[in-house]
Structure formats: C-alpha cells, structure tokens
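A, B and C label the chains in the order they appear, each numbered from 1.
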Amino acid sequence: MDSVLNQVFAGLSMASILLIVALGLAIIYGAMGVINLAHGEFVMLGAYSAWFLQEQFGLGILVALPVIFLMVGVVGWLVERGVVRWLYHRPLDTILATWGIGIVLQQLVRLGIGPESRYVARPEILDGNVILGGLVMSNYRIFLIAFSAAVLVGTWYLLTRTEFGTKLRAVIQNKEISECYGIRPERVYALTFAYGAGLAGIAGALITPLVSVTPGMGTYVVVDAFLVVIVGGVGSLIGTAVASGLVGTASAAFSFLLNDTLGRVALLLAIILLIRFRPMGLFPDKVRR
Amino acid sequence: MNTTFKTDIIGYGLFAALILFVVPWAFSFDGFELNTFARYLTLGMVAMALALSWGYAGVLNLGQAATFGLGSYVMAMHLKLRASASSHNGMPDFMGWTNVEVLPWFWEPFHSLTFTLVAGLALPALVAWLMAVFMFRGRVTGVFVAIITLAFLVALQLVFISEQRYTGGQNGLTGLAPLELFGWRADAYSTSFYYMVAGCLITALALGLAVVRSKVGLILRAIREDADRVRFFGYDVARYETLAFCVSAALAGWAGMLYVLVLEFASPTYMSVPFSLGIVIWCAVGGRESLVAAALGAVVVNMLEGRLSNIFVEGWFLFLGILFIVVVLVMPRGLYGLFSDALQRLQTASPRDRGGKVATKTTRLSATPAVKEEN
Amino acid sequence: MGHLELHNLQVQFGGLRAVDGLNLSLEQGELRCLLGPNGAGKSTTLDLICGKTAASGGSVIFGGIDVTHMAEYERARHGIGRKFQVPSVFKDLSVIENLEVARSQQPGVLASLRVFRSRLSGRMDEVLTIVGLHDHLHVKAGNLSHGQTQWLEIAMLLMQDCKLILMDEPTAGMTVQETLKTADIFNSLRGSHTMLVVEHDMSFVRVIAEQVTVMDQGKLLAQGTVAEIERDPKVRQAYLGDEETADAAS
C-alpha cells in the first residue's frame, strides 16, 4: 500500500514538470497551429542553462529560474522570428523545420559542451522529507507540485486577465480582424512562442536534480508532453492540468507494472489511438473555430 | 505533348545510364567504392518510396524507416539462419546467450529463400496497410499522419531493442551468411553485386513511375490539393491513399533487404528516428515531386556525407540539420524545383515558343510552395 | 415517385436547426431553382444531399435508393454531382488533367492503374468545345482567369456526367454574356439531367427555371412558377420582413 502511495506521489511530481512542458506546447499549438518538435530541445536547453549557471556563477536553480526563463525564451523568440514565421501557411513544413531545429540545437550542445552526462545539485533549502505514515515525500518534489500549480495559475492570469492575453485570444479567433484593430499578430505570435519556450526551459531546469542532463534528454520528455496535449486538448488549461496528472501517473504505473520499455510503447500507442479517435482531445475547446 | 512526362522519362533514362555505366567506370570498378555507392543507391530507393506517398499523395510518413527496417530484418533473419546451420539446433548464436531453447515459430519460415523474398515486400506492405486503414478510414490527414507514423516508428524500435531474445536487441543481427540466389553468391564487394543493386533500383523506379504516371498518380495529386472535392467525383480517397502508402512501404522494404546485403548486418538503428529524418531530408533536398529527383537527392546527400564527415566527423549532423531547415524554408521543392524552374525559364526565352503568356504564368506559379494544406 | 425526394430532412448545428423538416421532390430531368433569404438553409440542403453534411433526421431518396447514410463518394457513384460556390478546380493540375479527374465513370483504384494518358476522347473534345477551353489544355488551372475557371468547373461537371447536378450560385461573378452562355448550357442539359440550382440572380432564374422552391429558416416556404412565387405574400414577407422590422427599429 505504502509503495503504491509513494509511486503515486512520484508520478504526481513528474506530472508537475510534465504540466509545465505541456502548457508551453499547448499554447504554441493553440495559438499558431504549430506542432513544435523542437520543444524537447527547449527543455534540454533549460537544463543546460541551469547546469551552466551553477557551474560558472554558483547560482542555485531557484535563483536562476527567471534567468533561465528569459534565456530559453529568447531562443524561442529567435526560432519563431527566424524560421517558424515563414511557414504558417504550410503546417507540414513547420513540423519538418522544427524537427530540423531540434537536431541543430542538440548537435550544438553536443559539440559545444560535450555528450557526457551533467549533474545539478538540488537546492539545499529543499533538502529533507516530509513523512506521513508510510509516505515519504521529499521537500523538492512537494515544491515541484506547488510551483507547477503556480505556473498554471500564472498562465491562466496571463491569458485571461492581461492585455496580452486578450490580444492573443483575439488573434486566435480572427487574425485579419485583429489586425484591423491595430493588433500586430506577428508580435503576439513571437511572444507566445517565446513564452512557450521559456516554460519548457523552466521545466528543464526543475528536472535537473532528478535526472542527469544529456543532449538527448528532451526527446524523452516531449513524447509524454505530446500525449498530455492530445489528451487535454488545446485551449483548455484545466484539461492540460488534468491530462498531465493522468499521463504522469499512468506513465509511472505502466513502468511500475510492466517495464520501462513496454511503458513507453503503451504511451506511444495511446497517442496513436487518441489522435485517431479523439483528435480534439478529451476536453475539447467549446468554441467553434 | 506533356512536358512533365517527357522530363520524367528523360530524367529516368539519364539516371539509369548514370548508375549503370558512368558510376562503375568512374570508380574504375573498384569493389570497395562500388559497395559504398550501392549503399547510396539503396538509400535512394527508400527516398524514392517516400516521395511516392509524400510528394504525390501529400501523406508525410515520418516513420518510413519502420518499413525499411522491417525489410532489412526479414532479409537478415534468413541470412542469420543460413549462417547458423551448423550450430546447436541450427539456432542463431544470440538466442543461446539469452537461453532460448528452441527456434521461435516466427523464425521458422525464414529458412525458405522464396518466403523471405516475398515477406521482405509483403510484411512492410501489410503493416502499412493496417496503419493506412486505421488512419485513412478515419480521415486522419496532414500533421496528424506525421505524428502517428513517428510514434509508431519509435514504438517499433523500442520493441525490437527490448525483445533481445528474438531480435538480437541493440546489437541487431550480425555474422550473416552471404545470399545465394539461383547459384549466384552475393559478394557485397563485387561488380556483379553492384549491378544487382542498380538493377533493383532501376526496376523499382520503373514500378514507381508506372504508378504515378497512371491515373492513380493524377488522383493522388488531386487528393493532395483537395481531398473532399475528389470524393465528390466518386473516388474512394482512403483507398487511393492506402495504395500509395502500401506501395511506398513495399519499396522501402525492398530497399531494406538490399541494405542488409550491402552492409552485411541488420541493426535497430535502421528504424531509428534520426534515420527516418534522414530519409525525409534526402527526399526534400532532391525534390519530393519527382521519384528520380528524390533518389538522386539521397545519393547526393550521402556522397556529401561520405566526403565531409571525414573532415568534420561530429559536425556532419549539425550541417545536415541546417541544410534541412534551409531547404524547407527557401526551396521546398528541392533541387528538382530549381531545375524545373530553370527549364521553364529557358523555354520561355526560346523564340520558337513565344505564346509567352501561358509560359510566364506557369513560371510564376511554380515559384509558390508546392504543398498547400489546410489544418 | 420523383427522381430525388427529401423526406422530413433535418440537421442541427449546436442548437440551430439549419434544415428543419424539409420535404422536396424533383422529377427526372427537371431543373429546379432553390431560393431563399440568407441563412434559409439552401447550401446546407445541397450539403445534405451530396453527403458533405450528415443528416440528423429524415431521408434522402435518389433514384429510388435511400442514400441518407452513404459516404460522399458512394453517393457520387450513384450519380450525384456538386458544384461549389467557390470555384473548386485543382489549381496545380492542368485543364486536361482536371477533366481526367472528372471523368470518373470507373473510380476504382485498379481501373485507375490501367489508365496512363489523358486522351482527348470524343466526349472530352465535345465538352471542351462547349466551354471553349481548347487552347488552354496544358495550362495549370491556377493560371486561368476567373471566368475560365468557372467554365472549367462546368466542363468538369459535364465530364462527370452525373444524373443529378447540385449547383450553388453558378453565375456568381460572371459577366452578363457569360451568364447567358451558362443559361444556354443549363437549358441543353434539361431533360437528360436533373438539376437543383441555388441562385440569387432573378433574371437568371427567369431564363432557366420553370419551377421554383423557396426556403426560409430551414423549412419549405413556397413552391410554384417564377410568376406565382413573385406574387406570393409569404415570400415577400420572408424577404422583406426583416427589412421592415429593421426600419421600425431604427
């Protein structure tokens, strides 16, 4: 019983990171219709930024988070301005181009920093555990859950209560008419892409104390995040949150019950089946586009 | 009367002459060089297979390496059994290491060469058919096809790596016997072997061209543009897409079989995501609208890799990624697009054909991206 | 029994009943015009007949066969053809290739594998003469003028040679001469083909139609000759009623 509870808790904390990754992915897809295959590499860049800031300046992850958000956000902004914006009318080609970008980012890191694993220390304040009966919860994982909830609320606030959010929703609804009202869609798109990338970067930084940092780490995370977006549907923050909880625990359960490989295979098959039968997700956006 | 048809046939003839006569002569019939080039040709074959579904039907199969890999394992299983004939129970060595006592039932039929050759085409086609029915009956299109095929590829590779007892796992199938076909022994480093591979590619191209030059090719192009409109003419769009997908898979399987003969081992890397990405890149660089151009694209990029990766080993993949982005951004129709635009401009300039209005308009149109797709 | 019969046909989008219990019957070889104010459900009716939209109730009987639950391509094989409001030709294909796609008497995959070259057979030649596109055989459809594109689409309909032709504003954007020529073509098809045409241009309707059906709010409002319809007070109400209330409000 206790081991099950511990598994669920571990799954939940991974789900929190997944939520942050998936939020970025869903926002980019929802706003621009771009399936960003480079998203995993944004996560990876975030992780390397955390490692770099700790190695060079002795910054802990918590202090470095805003810097990392900005750094990866700028990369996302450059990617949107440099490549993605030319392809909005060619959705198949955006997949290909972002795939290429992912490869380039991965190779740049591999060549520049090296292929070997890197490690980042956990913040000392968050050392230690909370013990509840047989359930052992590390402070860091509790922090992850709380932080991701905060990111969710922040994103909700940004999308519904700020001028930027209003503009973004206007552009999603009708790009041409928004332009007539003086909104510049290209700026909205670039900022949205940057925000999504920044979120991925944060997630990458937060995951560093739990896994080793390698150039290929992103691809692993992004598959789960895709499943979250497909299950949760785009345009529904609650859907994304529930979906990441489901996928995170399901993924942990699969790996626990079967083995790691079969767990991955089951996830991939779930993606395939869901795209085929529920292309709009389990929590579809109520508004007709 | 039909310029694209003429270009296709001339291009096909030139390509066949190039690989049959010019290449062996240029490498002065050196076995090692020809083996390398035979590898490029098999990769050309799988790029051509992708062009059939992506370029014509607009079905972007990001998991083309899956069918290629299946074909390669089919061939490797036969050759592995050949090589293990004298060992304990006639079982492959790696099974002994993982304590498999008897040969699994699905290995049995691969003793037969005929079965193997048929299965190398039929198994990938069958898998593709199942996927195609699954996707196209449900009217899955565009980016969603891309994601589904990619997910399938990753899952397949995971299974092949994890089921080490039956597949050799990460190591793949090594220590293979040479293929014996009608008393002819395939020596991967011989001139006759090169001609066999070149002959296969030329035959596969002819088959592919027959499909795309028939009315099926026309309907596929129409589907790429507006599938709904095609339905209102009474065509069952899903069946056309399925046909393109299956033919493409069978050709990829064929290429996979040849690839094992060239390299003399099968590996799960043949069905890896980077390999699949490679196929897409070759196809895009050559030009997805033409089968010959896609095959040529694979040959050119791989020759470049052969030369450049000696100079900067690690940087090659980086270079490939950048090349890919540039191709997608500025020349979505690949080298073929550049070439056909130039040809059109030449025709416009020639005084004989001065009904200029039509010709200039055609040039203008061809400058626009080829794939128009609504999400 | 009519060639095309709609029985109590219904469809809903969200809460809106776009077509609400529509009954309609067309005789073999008849040309019927479908009129009605914006949002009356005319285009949706065509969508329901050709299968673009699935009906939520009622039935579509064509040539004595219930086609209500068939896929688009199966209905097309039974002889239902559709011309859309926006010219929808294949822009990347040449004129002759467009016509070859439209020549769909044998739509199977295997039959298509055997056809290698679009030939100017008798029927294609005839059709090209009717619409006057002989000089543009190998031009990509995307490079044709707007008028030529309309002609190409009509040529494709003729090639398809369907028994029932559904048309959505076929003369939109045409010049007066082009409209007249279109009317000639329609009149020549009368008798051999059943046609259901959505049209706003009353001068065109007067030239082609004997019988007119008027829809309003998804229901059948009136039916009769053009003259009868123009006198019908219910029709005047449906078309002008909105304006009167609008006037009263302002």
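Rule of thumb we're sticking to: a residue touches a chain if its C-beta (ideal position, glycine included) is under 8 Å from a C-beta of that chain, and two chains touch if they have at least 3 such contacts.
Everything quoted here is computed from the prediction, not taken from an experiment.
Centroid distances built from C-alpha atoms place C farthest away from chain A. Here B is the chain whose Cα centre lies closest to the centre of all protein Cα atoms.
Averaged C-alpha coordinates give centres for chain B and chain C that are 43 Å from one another. Separating the centre of chain A from that of chain B, both taken as means of CA atoms, is a distance of 34 Å.
Look at where the CA atoms of chain A average out and do the same for chain C: the two points lie 49 Å apart. Residue ranges of chain C in contact with chain B, taken from their complex: 50, 52, 71-74, 76-77, 81-82, 84, 88, 90-93, 97, 100-102, 104, 107-109, 112-118, 136, 138-140, 142-143, 160. Against chain C, in their complex, chain B makes its touches with residues 1-3, 211, 213-216, 218-219, 221-222, 224-226, 228-237, 239-240, 243, 358, 361-362, 364-365, 370. By the touch rule above, chain B contacts chain A in their complex via residues 58, 60, 62, 134-135, 138, 140, 142-144, 146-148, 151-152, 154-155, 158-159, 161-162, 273-274, 277, 280, 284, 314-315, 317-318, 320-322, 324-325, 328-329, 332, 369, 371-373, 375. Partner chain B is touched in their complex by these residues of chain A: 33, 35, 83, 86-87, 89-93, 95-97, 99-101, 103-104, 107-108, 110-111, 219, 223, 226, 259, 261-262, 264-265, 268-269, 271-272, 275-277, 279.
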